[in-house]
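What follows is a pair of complexes built around subunit A, which joins subunit B in one and subunit C in the other.
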Partner chain A sequence: MNTMFAEQFNEPATNHSTAAPIEHRFNPYSDNGGTILAISGADYAVLAGDTRHISGYSINSRFQPRVHTLPGEKPLIVSANGFSADGETLVRRLAQRVEWYSYNHNKPLSAKSCARLIQTMLYGKRMFPYYVATILAGLDENGRGAVYSFDPVGSYEREQCRAGGAAASLIMPFLDNQVNLKNQVDPATGEPKIATDLSLEDTVKLVKDAFSSATERHIQVGDYLEIKIVTKDGVSVEYFPLKRD
Partner chain B sequence: MDHMPENWGRPRSDVYGSYQHAIHSAGPQSHTQVPSITGTSVIAMKFNNGVILAADNLGSYGSLARFTDQERLIKVGKETVVGFSGDASDMQYLESMLERLIIEDNYEQDGHNFRAPHIYEYLSRVMYNRRSKVDPLWNAILVAGKKDDGSPFLGYVDLLGITYSSPCIATGYGAYLAIPLLRKLVSEDEDAKNVTEEQARAAIDESMKVLFYRDARSLDKYTVATVTLDGNVKFDKDVRCQNMNWRFAEGIRGYGTQKQ
Partner chain C sequence: MSDPSSINGGSIVAMAGKDCVAIACDMRLGMQALTVSNDFPKIFQYNNSFIGLTGLGTDVTTLSEVFRYKVNMYNLREERDIEPETFANLVSTTLYEKRFGPYFVGPVVAGINSKSGKPYICGFDLIGCINFAKDFVVGGTSSHQLFGMCESLWEPDLEPEDLFETISQALMNAQDRDALSGWGGIVYVITKDKIVKRLLKTRQD
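Up next, the complex of A and B:
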C-alpha cells in the first residue's frame, strides 16, 4: 500500500508517537516456577524440590519432578530450576558428560569436578544464558555431604545449605537461622551459637517445614515435595504432599 | 556461443570474474516472528484404557475464520497421535519431519517402532533447538500414546521447548477453560484408572462446547482422536458441538443483533 495515502486517511496518532514502531519480539525465556533446597550433613546430602510446573498463573502439571540423579555408581543429584526448558537441557547435557567421563577415565566424576564442569557449561553460554538456579548435591572425596550452588552464568560456591528458585528468598533466611544458627545466642553465655552438623532426620524435618511454609506464601510452590537423599549407599527418594491451592 | 541463458547480457566471467552469488543474500537474515494461519486449543486427557484428545477444524487468519476444514490431529507411527495448535505452516513442516522420521525408521525392518515418548523427545529437541536459534516453530503441541511399559502417555511441548506431562493437558485457551473441567475427572494419574472412555469423551465434548462458547477463534466442528492401550488409534472426524444453548447471549452486548 502507498504509505502516503495511508497516512492521509488515517486518524493522526494522539497519545503515543508513531516514530518508534511497536515491536513484538520473540522472548526465548519464560519462568516455570518451583523451588529447590539442599542441605549437607556429615555423611549425607539432601536435595529437595516441589513438583509443581507453572506458566503464568496456570498450573501445567502437579507432578513434574525437577530433581535429577546423575548416572554413575557414586551418584550426584542435581536440579536446575527456573526456565524449565533450559533446566532440562542443562541436566541432560550434564548427565551425558558425566557418563562419558566414567567411560573415558574408568572412574566416577567427583562432586568437586562435577561442580567445575557445571560452571564451564553455564559460563559457556554467558551471552545466551541458561536461565536457571542450579544446585548440585553429593558426597565429597572424604565422604562428607557436599552442596554446590550456581548462578545462571556459572559463578559457584560450596555451601552447607542453599535454596534456589521461586521461593528461595522465603526459605533462605529460615535456613540461615535454623541450619547456620545465625542471630541465635546461647542464653547461658550470651555468645553466638556455633553451627554443627544436623542429623539426617532433623534435616528432612527442616526441609518439609521449609516447603510447607513456602507453599503457604508462594503461589508457584506446592502439590508434592520430592526429597532425594545421597548417602554412601546411594540415592533414596521420599515424597511428601504439599497444599495444592 | 554460451547456451546458458542466465549468463546472457552480463559481463563475461572470463574477463570480469564469476558472478558473486553472495549478492542475493545480502543483508541480515530474518526469521518469521509472527504466526499467520493459526489453530486454537488442543485438549487431551488420560482415561482407564488410553488417552483421548480433541482439536477443532478452524484455521484462523488473524481474526478471520479462513479455513474450516483444517485437520490438526495427526497419527504418527502406529500408536501415537500428535495435536498441534499455533502456526499451520510450522505444523506442516513438523508433520513432514515426523513423516520422514517414521519412514526412515521403517527402512530397518527390525520390529522396532516409535512410541509416544520417542516422538515427544524428538519434538522437544527440535522445538528447543529452534527457540535457541531465536527462530521458533510457533506451536504448542500435545503428544498422546503409550509408554514402553504399556501405560498411557500424554506430554506437552511448545515453541520455547518447555515440556511437561500431566493426566490432562490443554493448549491455548483450553488451559483456562477446559482444564478445570477435565481436572474434575483426572487430577492425578491414579484418577485416570477410574474414568471410562465414555466419561472421558463426554468431558472432552463438554470442554469443546465451552471453548466454542467463549473462544472467538474456535469452531463447533472438531476431531476427536482416541489412543487405546491395545495400540489402536481411532479418529472421529467432523464432530459437531451438541445441545448448545445460546440463551445467555440475549443479555450480553456484542452477541448477535442488539434489541435495545
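Up next, the complex of A and C:
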C-alpha cells in the first residue's frame, strides 16, 4: 500500500490519468463458524450446537451459545448459524414477533406458523440476505417432534433431522445412515430397513457422537456442545465438553 | 466450476483393520453435472499394492498407465514384487516430478507388506506429499462427507468382514450426499493371503 502511494506522488502530473485506481470495498458479511444439528422424535425434538465463535483462525469465544429459546409457555427453539450478527438479529426480531403474536391473538404461535413466519422474514431480505442456515425445532399441533430447516433466503422443509453450518457436510451423511437408516438392509430378508422414531437417550448419544467426530476433523467446531431438548414439559438443556484444540 | 479436480468427480476411501486393509471407490465419470459413464473404476492393482486415483479423469487414466510401466520396470530390475511402502514413494516422486505443472489427482495407496504382514495405507496431495495414516484416508469430491462418516464409523482392529461393512457404509452414505460421486462402487478387502473384490449395488442418482 505504502509503495503504491509513494509511486503516485513521484509520478509527473501528466501521468496521473494512467495510474491504476485504488478500489475500496466494504464486505458486509463474515463467517463465524460453528455447527448446529436437530433431530425430532415421537414426543420430543432436540436442537444442538457447539459454542465456539470464530473469525478466520482466531477463537473469539469458547462459550457463545447459539441455540435460542423463543418466548412462550410452549416454547420453540431456533438457531441461525453462519454470520452471527445476522443470526442474532434474525432470532431477536423473530422472538419479538412471536411475543407480539401471543399478545395479539391470545394463544401461542404453532411450530408450523413459526416456520412460515421465518420464511417471510428471510425472504423479506431476498436482495441482502441474512447469511445463515436456520433450524427451528419444537412440537407440532399433535405433540410430535418437529424440525424445520431453512436456506438463507427462506426456502424451507420439515424433516426428521438436519445438520447446518460449517461441519454440516461431515454430519449429514452420518445422520442419513444412523437416523433414516439409509443404505442399511435387514440381513434376514435383504429388504431396506425402515426408519422408526428414536428414543431420546439414543438421540442424545447420536448427537454427541456426531459432534465429537465433527470436532476431530473440523477446526471451526469444538469447545462445548449445548443440547436443548423440547418436550411437553418445556425446554431442558444439557452441556457436553468437546475438544478445545 | 472450472477447477480441474472436480470436473469429472469421484471418491476414494481406504481403511486399515486387524491384519487387513480395504480400499473402495465410486464408479461415476461426469462432465460437470452430466454423467457420462457409470463404469469408471478408480482403483488399480500393481502386485500387492493398490492405488485409488481421483481427480481429473484424463490424469487418472494416464497415471494408472505410468504406474503400470514403472512397476513393470521395477519388477524386471529387482526380480521381485514392489511393496506398498515402496510403491507409495514411487507415487510421491512421480507426482513431484511435475511440481510446476501437476497432474490433478488425489491418490490413495493401500496394501499389506508381504514380508512383515503389516497393513499400509496413505494418501497424497497432487504434488506427492505423503499423508500416512493409521486409521483411514479419503480422497475426491466427497472427501468432507467421507471424513464425517469414517470418523464416526471406524474403530480399531476390525476383522475383514466388519471392515467391509464399515468401508461400504462410509462410501455409500458419503457419495449419496455428493452430486459428483456415486453410480455404483467397488470395494477391495485385502488380507495377507486373499484379495476379495466386491461390487456395490447403490442408488443410481
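In the analysis below, the second predicted complex is superposed on the first by the 223 of 245 C-alpha atoms of A that agree within 3 Å, B and C clash if a C-alpha of one lies under 4 Å from a C-alpha of the other, contacts with A are read in each partner's own complex, and residues count from 1 in each chain.
Here, a contact is a pair of C-beta atoms (placed from the backbone, for glycine too) under 8 Å apart; a residue touches a chain by one contact, two chains touch by 3 or more.
This is a predicted model, so every value here is computed, not measured.
Chemist: Should the pairing of subunit B and subunit C on subunit A count as a clash or a fit in the superposition?
Modeler: Superposition check on subunit A shows subunit B and subunit C fit without a clash.
Chemist: So in the superposed three-chain picture, is A:182 touching just subunit B, just subunit C, both, or none of them (first/second/both/neither)?
Modeler: In the superposed model, A:182 contacts subunit C only, not subunit B.
Chemist: In the overlaid three-chain picture, which partner chain does A:25 touch, first (subunit B) or second (subunit C), both, or neither?
Modeler: In the superposed model, A:25 contacts subunit B only, not subunit C.
Chemist: Rounding to a multiple of 10°, what is the angle at subunit A's Cα centre between the Cα centres of subunit B and subunit C in the superposition?
Modeler: Result: 110 degrees, to the nearest ten.
Chemist: Applying the touch criterion given at the start, work out whether A:120 contacts subunit B, subunit C, both or neither, answering first, second, both or neither.
Modeler: In the superposed model, A:120 contacts neither subunit B nor subunit C.
Chemist: Touch check for A:96: first (subunit B), second (subunit C), both, or neither?
Modeler: A:96 sits against neither subunit B nor subunit C.
Chemist: Quick check on the superposed pair: does A:199 touch subunit B, subunit C, both, or neither? Answer first, second, both or neither.
Modeler: Neither subunit B nor subunit C is touched by A:199.
Chemist: Under the stated touch criterion, which partner chain does A:167 make contact with: subunit B (first), subunit C (second), both, or neither?
Modeler: Second partner only, subunit C.
Chemist: Once the shared chain is lined up, is A:213 touching subunit B (first), subunit C (second), both, or neither of them?
Modeler: second
Chemist: Subunit B to subunit C: minimum CA distance in the overlay, Å?
Modeler: Nearest C-alpha pair, subunit B versus subunit C: 28 Å apart.
Chemist: Could you tell me which stretches of subunit A are touched by subunit B in one complex and by subunit C in the other?
Modeler: Shared contact residues on subunit A (touching subunit B in one complex, subunit C in the other): none at all.
Chemist: State the interface residues of subunit A toward subunit C in the complex, per the touch definition above.
Modeler: So the residues of subunit A touching subunit C come out as 167, 169-174, 176-177, 182-184, 209-210, 213-214, 216-217.
Chemist: Hey, which residues of subunit A end up touching subunit B in the complex?
Modeler: Its residues touching subunit B are 24-26, 28-30, 32, 53, 55, 58, 60-64, 83-85, 88-89, 128.
Chemist: Once bound in the complex, which stretches of subunit B touch subunit A?
Modeler: 33-34, 128, 131-132, 134, 136, 156, 160-166, 169, 175-176, 179, 187-189
Chemist: Which residues of subunit C touch subunit A once you look at their complex with the stated criterion?
Modeler: 144-145, 147-149, 151-153, 169, 172-174, 176-177, 202
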